[in-house]
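When the chains are written out, they are named A, B and C in that same order, and each has its own residue count from 1.
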Amino acid sequence: MKQEFFNSKIKTKGQDLYEFTDQVIQWIKNNNFKNGILNLSIQHTSASLIVQENADPDVQKDLINYFNKLVPMDEKLYIHSSEGKDDMPAHIKSALTNNQISLSLKDGKLLLGTWQGLYLFEHRLANHNRKVIHHFFGE
Amino acid sequence: MKQEFFNSKIKTKGQDLYEFTDQVIQWIKNNNFKNGILNLSIQHTSASLIVQENADPDVQKDLINYFNKLVPMDEKLYIHSSEGKDDMPAHIKSALTNNQISLSLKDGKLLLGTWQGLYLFEHRLANHNRKVIHHFFGE
Amino acid sequence: MKQEFFNSKIKTKGQDLYEFTDQVIQWIKNNNFKNGILNLSIQHTSASLIVQENADPDVQKDLINYFNKLVPMDEKLYIHSSEGKDDMPAHIKSALTNNQISLSLKDGKLLLGTWQGLYLFEHRLANHNRKVIHHFFGE
């Protein structure tokens, strides 16, 4: 059994879904990981990690639109507004989704479905550098 | 330390919560797993895995009703509508819940609370065959 | 590789966010855990575990207010109302957030971001004793 860590930096350019499935698969290949758990955790509370469909890009647009309607960027609705109209909604969207995902690896293959991709869901409007910890535990 | 994998197929007959706690416990018993992590991941983005109350079936009805009101099946609201009025809402419900759950196992016992059950939450209206990967890692 | 379990009891006094980051870090220190996965799971479906900002307490107030608006405590909206107006909303809030979180540990350090804290999110109005299982798996 072994453990490996990697601090991935993902640059975001405003509210959007950023796929990073390929980078994760490349890290697995480079390290020759075979079987185990890959624990991914984002070190922020205004962006999320989600597994979503990667076939039709319209799904991602609909997700962004939906979450914006569900959690409006309206400063009058929140007490915490000093960091901008998009900050408190970003924390709420983070609570409604996930900070962390554990994925299974078998025979060197990341066990995702045919249409599943790994995304960083950025909820802030400005550019950010996001840290996503990759932790492999297995053989 | 050992790892075991099992690809469970769960047949769903439309939007509902399908409990599969007993199947998981049976798999644990059959393999004589003692202590470790059981990572469950659904290989789809239009159905979810959740832990919910298994005492009163009305809780499940209320959950379904609530999510239908929160994410309406109205094609005018979404760009991605080619796969039916229930498809984009299913992706959104998936984002609002979970694709994956990690459960702890101690002395052969799955550590769930008294009223907790494991459910596949099907968001689509038609019948589906859902793949849920069971990955045990422990001893 | 070793595994350790701890059944933490957290007393809650009504709907609120209760931080328990320090207790987790203390448990890690006391046991001299170095590298591995810490799987936390709450044994109830009317309270959640979330990672949220621990800098400005207003963020927590806004989260509570938001979830109360999103899931109203109005018995007319739910079939399951025998346990009080706050019970079914609590189950829904639990489904919208998380029952379980897996955190990574490296060189004895819990890998959380600078502003991230671990919270029990209590959704019920009355006092409760909540059981949160701590399961460490690593070295």
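Quick note on the criterion: a residue touches a chain if its C-beta (ideal position, glycine included) is under 8 Å from a C-beta of that chain, and two chains touch if they have at least 3 such contacts.
None of these values were measured; they are calculated from a predicted model.
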Open item on the list: Chains as vertices, touching pairs as edges: which of line, ring, star, complete or other describes this one?
Closed with: complete
Open item on the list: For the identical-sequence pair subunit A and subunit B, what's the CA-based rotation angle in degrees, nearest 5?
Closed with: 120
Task: Distance from the mean Cα position of subunit C to that of subunit B, given in whole angstrom - done: 20
Open item on the list: Going by the contact rule already set, what residues in subunit B reach two or more other chains?
Closed with: 1, 37, 70, 96, 98, 102, 137
Open item on the list: Please output the residues of subunit C touching subunit A within their complex, sorted ascending.
Closed with: 1, 35-37, 50-53, 56, 58-59, 61-63, 66, 70, 96-98, 101-104, 106, 111-116, 137-139
Task: Of subunit C, residues touching subunit B in the complex - done: 1, 3, 5, 37, 39, 41-46, 70-71, 77-80, 82, 88, 91-92, 94-96, 98-100, 102, 131, 133, 135, 137
